[in-house]
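Down below are the structures I want you to see.
Below, chain A partners chain B and then partners chain C, in two separate complexes.
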Partner chain A sequence: MSVLAVTNLTKRYHRGGKPFAAVDEVSFDVGPAETLALAGPSGSGKSTIARLVLRLIEPDAGRIDFEGANFLALSGAALRARRARLQMVFQDPLAAFNPRATVARVLDDPLRIHGIAPRSERPHRIAALLERVGLDTGLAARAIHEISGGQRQRVAIARAIATRPSLIVLDEAVSALDVSVRGQILELLLDLQRQERIAYLFISHDLGVIRAVADRVVILDAGRIAESGDARAVIADPQSAVGKALVAAMPKLIRNRP
Partner chain B sequence: MTALLSIRDLRIAYRRDGIEVPALKGVSLDMEAGERLAIIGESGSGKSTLALAVAGLLARGSEIDGTINWKIPKSQAPHSFALPSVLPDISPTRGEISSSAAGSPPATPAVGETDRDSSISPQVGEMSGRTEGGAVERQPFHLHDRPLLLGRDIGFVFQDPSSSLDPVMPIGKQIAEVARTHLDLTWREAYAKAKTLLQRVRLPDPDSALHAYPHQLSGGQKQRVAIAAAIAAGPKILIADEATSALDTIVQAEIVALIRRLVSEDGMTLIFISHDIALAASLADRIAVLRRGELIELGETSQIVNAPQQAYTRALLDAHLGLDAEPQLDRQGTSA
Partner chain C sequence: MKRLRRFLHTPEAIAGAFILALLLVMALTAPLFFPGDPQAIAGPALLPPFQDWSLPLGTDRLGRDVLAELFHGARTSLAVGLAAAAAALLIGAVVGTLAGFAGGLVDEALMRITDAFQTVPSFLLALAFVSIIGPSLGVVVAAIALSAWTGPARVARAEVLSIRERDCVAGARVIGMHPLEIAFREVLPNALPPVLALSSVIVAAAILTEAALSFLGLGDPNRVTWGGMIAEGRAVLRTAPLLSIVPGVALMLTVLGVYLAGEGVVESTAVRRSLS
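And now, the complex of A and B:
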């Protein structure tokens, strides 16, 4: 059974007075411990799908099933409990946190709110989470605005895994990271997936990254699915016009190896 | 030829609870006008710190030592600027922007006195530097009678696009305001300019986008708006901190082409920070590699890419996830 199943999802906005569908009848599913990537040009609807799945916004039509339950029908305590199982890491780590909060505070919140660990155990848990994402435990006392962009993104990942979710929605989570850290983070994500069977809805404009981490890919264009399939097969030989254009425009590193 | 930007032994430390945390440990670097320099390096290596420092945007309370000197020629060759009206009021008799931090050599035409112990916190666009124990006011980034201006002299695209955009102001107004303030335009002219800029950064439907608020735009659209605002007043220097990291490859290629045009046609100088070494290599004349606050390698792009001297630079090159190489990640789970 799939962790997440999305059926005919539609979200409309207005632009210049006229309605348009930012997400237009989109259907896909994500299995346990699977990574499904959403790719597509800027403005194609990727983040809107992420927000819909997280119920940060409500769809105009369609259905979302999460862990076998009709997610759109949940409310109150049932929704809160289910949300611990569905975490997110966004493009823009500064906006996700109060910049004055310390790293320890950011990691303490989910442990406390979802009753993951008693108070006495939390400092130890926080240190373990930091180590897990490759950060020095000394960072715990720092304010969020006092660490680098890449360090912040690792804190965001540490927070997402704190509640042992079954699905993490990652929206451009590694786009701002340098290659060495990005490689480590991707390894970490894969490692977590294997050990804890976490599924990822992995949004990225970077096909090189998608090819390295995703099992399957869905390519969106103007709110609709242009094509989907095995990630490496689709990227090696895209069939849709938009898929072809995205692949053709990849920056290439031309090296004359000695 | 004298350098446009000359950085000598720049040391920057952030202060936290009385403890100094070094972010740059003695960086020296020269840039010529019209040059395209890329800065690469791992997370936390000091790339953003360096970019903020040269733009005079470091947060107050950071410790700066060493010198940063800008020398902007008072008259540009007429052909080198497509938009001469962009620089209306650099005083003809004073053509030098210079800045000097503590410990600058006497030859540096610093404004204010050098004072070994003082820390400076340059704030572009603000007239006052920090005053230390009754010492002279410091205006480290200064064109004699005015500070180096963000927007007019330097366009800065921040790593986090939402931090450069005002969430409650329509984006057309935000861009128009930059153009109006620095180019002496009417609102109507400034809005027309804003629309042209939105077209240049390839935003779909610029007419309605003018009235959109940042939250109504996608991540890549916001990033393009931040780029449009940064170039609105035709600055001579563009500093782009991970400015294309949220863009798909198609738009990214268009933005890179736009930046190339701005450099070649408008004579703009570029400092381009990116974790994407392939992108950096496609755009830059030279690449600087930062590691843990130190400049470990600096060279022509082809030298850095084909004959890196440092093992660290080689590791960065090898970690590039292209479509040609076998991904190095272990997806099959043998390590459990």
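And now, the complex of A and C:
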């Protein structure tokens, strides 16, 4: 059974008085411990889908089933409790945290809110989380703006796995990182997936990264699904015009990757 | 230390800080230099200044020591100004944050209430409030805060409207944080700097409003206030003008000092923002 099933999801906005669909009848599903990539050019609706799936914005039509239950039917405290199982990592980790927070506070919040550990035990949990994502435990006392971009994204991942989710939405989570750090973060994500059996909804415009991590890919164009299928097969031989354009835009160095 | 040096960068800020420091020293040392009741009779009535060095600024119509009254008046002015401004900023920040963060009907309701308060002349509101409840220091503070919270509320709301669209708020929602906790722990602290920039204007206005209320006889009768001293001196304005001029000048310098120091703080934070 799938962790996440999205059916005919639609979100309309008004642009200059005329309605247009940012997401238009999109359907897909993500299985346990699977990585599904959403690819597409800017404005194709991939980030809107991420925000819809996380209920940060509400859809106009369609259905979202998470862990076998209607996710759109939840509200208030029930929705907040359910959020423990469905986490997100943002593109810019500096913008995604309160600029005044310390690393310890950022990791303490989910543990406290979901009652995962009593107050006295939380410092140990925080240290364990930092170790799990390959960071020094001494980093806990530092402010978010004091650590490097790569460290910050590792903290973001630690925060996402703190509540033991079954699905993490990664919205361009490695796009802002430089190439060497990007590789390490992707390895960390794959390692976590193997051990904790977390499914990823991996949103990116970079097909090179997608080929390296994703099982399946959905290529979006102007809010609609242009094509979908096995990640390597689609990238090797794209059928849609958008798919061909995205493949053509891949850096040539990618050829050397496995 | 660095921040202080940047604050003391301009001559205006130095002058403002100097005046405020002087005022603070006056307020703090008043019970030291002038123990006992400043409203007690200390000598002959209407003694001109610089005649008797035990009463350097002379005495007023009832023979009270003007210098002692001036020192104790600084206490009242400063206490009322700071307390009223703190209360106004607190109410304004909370109302503005709730309105901006909740949006919809809550926003509409809170902002219409704010409009209602803003359309009533603030001094009239304070006057009505004090004359109904009765003059005491707490009531005066409440009256001034009641007419000064609308500015901070509007600024806080505008700032919150932009902050609530940031990823950090989305991130807080994703981990299941309660909306009220997001509003007051994630959003409000980040919306504070422009709200606090209003504080010097509010403190200055609060000191003036308190003086005006005292001048009209609606101040706390058990405390010396500069406004009350001016009102007292009015009766002998032709024969002893200094009785009104001295507290008047003190009042003017205080408001000027608060403004200048406030400008200095805003300038120094503006520099820091543009640098970062």
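We adopt the following convention: the second predicted complex is superposed on the first by the 252 of 258 C-alpha atoms of A that agree within 3 Å, B and C clash if a C-alpha of one lies under 4 Å from a C-alpha of the other, contacts with A are read in each partner's own complex, and residues count from 1 in each chain.
In the analysis below, contacts are C-beta pairs under 8 Å (C-beta built on N, C-alpha and C of every residue); 3 or more make two chains touch, one makes a residue touch a chain.
Given the structure is predicted, the values throughout are model-derived calculations rather than measurements.
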More chain A residues in contact [chain B versus chain C]: B
Touch check for A:S180: first (chain B), second (chain C), both, or neither? first
Kindly classify A:L246 by the partners it touches after superposition: chain B alone (first), chain C alone (second), both, or neither? first
Tell me which partner A:K11 touches in the superposition: chain B (first), chain C (second), both or neither. neither
Considering only the touch criterion stated at the top, classify A:L54 as touching first (chain B), second (chain C), both, or neither. second
Of the partners chain B and chain C, which touch A:I113 in the superposed model: first, second, both, neither? second
Quick check on the superposed pair: does A:P41 touch chain B, chain C, both, or neither? Answer first, second, both or neither. first
Tell me the contact category for A:R216 with respect to chain B and chain C: first, second, both or neither. neither
Chain B and chain C contact sites that coincide on chain A, given as residue numbers: 92, 95
Touch list for chain C against partner chain A, complex: 166-168, 170-178, 185-186, 189-190
Chain C touches which residues of chain A in the complex? 51, 54, 56, 80-81, 83-84, 86-88, 90, 92, 95-100, 109-110, 113-114, 159, 163
Could you please specify the touching residues of chain A with respect to chain B in the complex? 13, 15-17, 39-43, 46-47, 91-95, 142, 146-151, 171-172, 175-183, 186-187, 190-191, 194-195, 205-209, 211-213, 235-236, 245-247, 249-256, 258
For chain B, which residues count as touching chain A in their complex? 14, 16, 40-45, 48, 159-163, 204-205, 207-208, 211-212, 216, 218-221, 224, 242, 245-253, 256, 275-279, 281-282, 305-307, 315-317, 319-324, 327-331, 333, 335-336
